[in-house]
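I have placed the structure first, in the form of structure tokens, so that the comments after it can refer back to it.
Order of writing sets the chain letters: A, B, C and D. Residues in each chain are counted from 1.
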Amino acid sequence: MSQNFIYLCYDILQYLVNGLAQGSIYALVALGYTMVYGIIKLINFAHGEFYMIGAFIGLYLVSLKLPLYLVFPLAMISSGLIAVIVERLVYKPIRYAGKIPALITALGASLFFQFGGQLVIGADSKSFELPYQDKTYILGEVSVTSTQLIIMGVTFFLMLFLWWLVKHTKIGKAMRATSFNRDAAELMGINTDMIISFTFFLGASLAGAAGVLVGMYTNTVNPLMGMIPGLKAFIAAVLGGIGIIPGAVLGGLVLGVAENLVVGLWVSTYRDAVAFAILILILLFKPSGLLGRPTGEKV
Amino acid sequence: MSGFFDYLIPLLSNVGIFIILALGLNLINGICGQFSLGHAGFWAVGAYAAGAYGLYFAPEIPNFINLFISCLVGMITSALFGLAIGIPCLRLRGDYLAIATLGFGEIIRIVIMNTDKLGGPRGMTNIPHWTNIFWVYAWVILFIFIIVNFLKGPHGRAMISVREDEIASESMGINTFKYKTMAVVIGAAMAGVAGALFAHGQQFLHPNNFTFMWSVIILLMIILGGLGSVTGAILGAIILTILPELLRFMGTTIAEWRMVIYSLLLIALMLWRPSGILGKREINLLGLFKKGKT
Amino acid sequence: MSHPYILEADQITMKFGGLTAVNKLSLKILPGDLVGLIGPNGAGKTTAFNMLTGIYHPTEGEVRLLGENISKLRPYQITKRGVARTFQNIRLFKEMTVLENLLVAGQSTYQSGLISSILKTSQFKKNEEALRNHCLELLKIFKLEKKSQFLSKNLPYGEQRRLEIARAMATSPQLLLLDEPAAGMNPQETKELTELIRFIRNHFKMAILLIEHDMGLVMDVCDRISVLDYGELIAYGNPKEIQNNPKVIEAYLGPKEEEKDL
Amino acid sequence: MSLIKMLPKNLFIALTLTICGPSFSQVNDKEILVGTVFPMTGGIATYGQESMNGINLALKKINHEGVKGHIIKLINEDNKSEAIETANAVRKLAHIDKVIAILGSVASSHTLAGAPIAQEAKVPLLTPASTNEEVTKKGDYIARTCFTDGFQGEVMAKFAKENLKKMKAAIIVEASSDYSKGLAKVFRESFTKMGGTVIAEEYSYQSGDTDFRTLLRKLSRSKPEVIFLPGYYEEAGLILNQARSMDITAPFLGTDGWDSPKLQEKAGEKGIVGNYMSSHFSAEDTDTLVSNFVKEYEAAYKQKPGAMAALGYDGIMVIADSLKRAKTLTRSDLQKAIVTTKNYKGITGNITLDKFRNAKKSAVVLETTPHGNEFKFKVSP
């Protein structure tokens, strides 16, 4: 009995570790969601696709035997640039057309990348060769792999970087101003179009980084890989409080851990249902998210 | 030529089924302004409820009576789900409601996937073949009649006022929550009937027929036609059901690229005509939408 | 026992998080009263309005309509009990016609069942006819009858303001709450509005609570005025008294120079 | 051009095509039309694409000799990996193109959607790869050239018990797949009947999952001696990879869903070693028929054929063979010829259809190694 209990404790710790690794990836994708939503109130359904694009670019760069410290920035910059192109070509013209057209456009962009990707790269998944030897560190009965450590480390670093960027730089201030009131920001001489593009760039490059990380973690990438994590990351963003940077990270981690606990202690069958149930509960009871403050509609 | 009709008639039946789905979603999204992305969930509930009736409960009576009962079963089950989902979710607005309904739609699918009695991942097979094109269009006409009259009456006006401005509507004595729930329940009930007709037409149901993608496609139908326009919803349903089939005839390259073409068409439509083909207008056939003498 | 006041706000308070938008406000409105509620920007006037109409529920205190506590009721229930309102930032049903705007507001008094409206029973037709006539009559009073088939978003600004009032009147209220009806109007339009408000009061024999920035308008039409500042009631009285109340002057013009220097 | 303006023109083209289509095909009566329905896009597109590779390879051969002086012309439809699209495609092939037979599809849930339509139209539908028992119960026009799930499950249970001499097995299923669930059920029954024990809890994952560490950790607690993993190569490969990196050493047993060169790629050098699977054929088989096929396939597509390619190849070959044996080139005569297929020597074994129109044929057990699957032995029914 007590032996079993100790095992259970170890197992739960292990699930937490696995959950934090998974959750870090959600968190990175959620950051982009949250920033884009914060600034133009658009659920960017195509956001998961930038994660997919990042993963493929990462795959290509790794196959060129580039070192990881070059793979990450390059993959991030390229997926960011693709996002900016998409934003300029389709989101910008539709910005004032209302919510539903914008959402549909985002869906269209998402479908375009998924199916275009299948045609261009092929529908089957590609394997991601790790450029280093994966080591496992064992503490008691809990193990952590070097890839898991890299995932958590990179996420933590990028989150800190983002936080610094938003809070302590001029462009960050401009982003906050634009998100708070775009017209006013425009009047204050901020080039809001540029800021919005920059936000897309930033969000997509984080998603791109997450794509590379997930490729390294699971050894597999495919053109449809962005769909489910995209949705999950959105849940994470809402869970933490949409528009709030630490909220997205918290939401991602909570969701990752919750999913792994469901799989570990219950069945995988209801893992996605639990994720959606968490979403619905948070929407019903604290729609502003874990870290958000309630806001009412101004009358 | 007979072969051609064997192909065309089931296709037209499907068109009818999607018209019903689009009309229902149009009531929720277009007329009442509540952004739902979970319509495939209601469709699934209706289809599976009707399928279960056909498989387990149907007595030996003429097919058309059985079909009618089955449609009622699908309708009522779906409406109850609409009520159960609507009451908690309709407190949410806009994007949040969309995501919550999306979540519910997926949960419904996951639950069906894991219910052995409903076939689980095998799908529900051997559903009796009761649907024919006559009954599909009988329902289509009935629903068009109901919706058109509904819209011309006070309840329709109230529902539109909710879309236009929920707070103002509430302040004018409209119980907005009641009307939002009503829109979702009626929309769900219609999706339930569409599900029943679908189940008894296809004779086979699989949870993957009811993914989020299908909610999106139904949404596209009403947006293509013009959100809020009844004839627009019908037009959208016709186009988006026929178009993929037409692409089958246009050679393999186009067929391969058709989902990409689809997505580009979608974006192009939003860029050039974000309010759909008809906007909020109606095509006036038979003077159906003539405004009263005002 | 009859209640002397139509509407009575008893020490109502509204807090948003740490911010107190309205603090212990009390208001009393007699039948036929025309009361003004004024105060500088951000004084909490609209918040007070929203509490009276059920859009917000007061964190403390009570709102009573003819003695009945309505602080927990939803806006539509309060409207059905005879309180109608307009909005500071016009909230018309833009894609509906002028007449339809009124029909929506009027229909709770001419209720038809769902089934009868789909089947178009004779009862339903009779109801609709009565409702339509009631609304057309109102449009005539508000000089909008020629535009009854216009989409309301296509009306000029001044007429949109008028339509908002007409729509509120279509709910057959006993008390009308007007939220800055003169905002954005030129002097000529404001003058017409002043006449209109007087007319409504006399013609329909109803009480009106008016939030307004335009001091001229308020002083002109109101019997009594309450002044809010920083969420608190700082003055109450007839227009003369208010004009000479030092607290009010201070609230509007800021503290006197020498006080500032302290 | 706006969509609405485009529509009438397109409609016109389509109508012209639909009306003239069938007559066109009759003009050239040297051609026999056969329809295929495979997932060429969407979630399981790889299976469809591989099947079509095998089919096209066979078609070249068939048309080289000709069938009763005719050549076979394929009309290929994509079902987008969806059931409803399969039904639509079957309907079009049966009624518009008026094909003599339909080959397809892969996933049983898709074939199940198309089968009633083919049955109603009385067009023979031959599935090369749908192993679910239900499929051929849809009617006498529905047949298959592969074995059913039940047979594979038994083969692997027997292999685990008798060849590997393991007593305690665990099962990991893909919860969203009927294929996986059905096999798990048969394996559990057979293995228990032979005296082994199967751990009560069923470990499950979802299609498309990529991280199985938590699941495997949970599984390793019950210390199984052997793990039955009836799933598809994509997830199975990743599971093998992650299991070995977590030091789970028990052998994994798989089924034909594993059979793809991708398995090696996904599992990696370490993960692939010491596991076994059942399948339809082995590329290592020394049989000349098989080795020729492998050679030709490699020459044509620069990769090794997987099971889907071999099954597709055999599927169209059986149709061609039946056409040769059919009295006339009509659907009903073809149906009679298909259901009486006996001892047809295919890549995937000797194909004989039983009275339920299921192929009774041998399965092979393969050991997975980094350089391909090694042939262990053949099991006949």
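Everything that follows uses one rule, which is that contacts are C-beta pairs under 8 Å (C-beta built on N, C-alpha and C of every residue); 3 or more make two chains touch, one makes a residue touch a chain.
Predicted model, so just to flag it, every value in this text is computed and none were measured.
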item: Per Cα centroids, the chain farthest from subunit A; value: C
item: B-C compared against A-D, more contacting pairs; value: B-C
item: CA centroid of subunit B to CA centroid of subunit C, Å; value: 41
item: Subunit A and subunit C: spacing of chain centres that average the CA atoms, whole Å; value: 47
item: Distance from subunit D to subunit C - Cα centre to Cα centre, in angstrom; value: 71
item: Chain centre separation (subunit A, subunit D; CA means) in Å; value: 36
item: Junction residues of subunit A, two or more chains touched; value: 115, 119, 269, 272, 299
item: Residues of subunit D whose C-beta touches two or more other chains; value: 41, 175
item: Overlap residues in subunit B, where contacts from two or more other chains coincide; value: 113-114, 167, 256, 259
item: Residue ranges of subunit A touching subunit D (in the complex, touch as defined); value: 7, 11, 14-15, 18-19, 22, 115, 118-119, 123-125, 127, 134, 136, 143, 145, 214, 217-220, 224-225, 228, 260, 263-264, 267-269, 271-272
item: In the complex with subunit B, residue positions of subunit C that touch it; value: 53, 55, 74-76, 79-80, 84-85, 87, 91-97, 99-100, 103-105, 107-108, 110-112, 114, 117-120, 124, 128, 131-132, 148-149, 167-168, 170-171
item: Residues on subunit B engaged by subunit D in the complex (per definition of touch); value: 1, 3-7, 10-11, 14, 113-114, 120-123, 125, 129, 202-204, 206-209, 224, 239, 242, 245-246, 248-250, 252, 255-256, 259, 265, 269, 272-273, 277
item: Touch list for subunit D against partner subunit B, complex; value: 2-4, 7, 10-11, 13-14, 17-19, 22, 40-41, 76-78, 80, 82-84, 87-89, 91-92, 94-96, 98, 108-109, 112-113, 116, 121, 132, 134, 175-178, 181-182
item: Subunit D residues touching subunit A - in the complex, by the definition given at the top; value: 41-43, 45-46, 49, 175, 203-206, 208-211, 213-215, 217-218, 221, 234, 238, 241, 245-246, 262, 265-266, 268
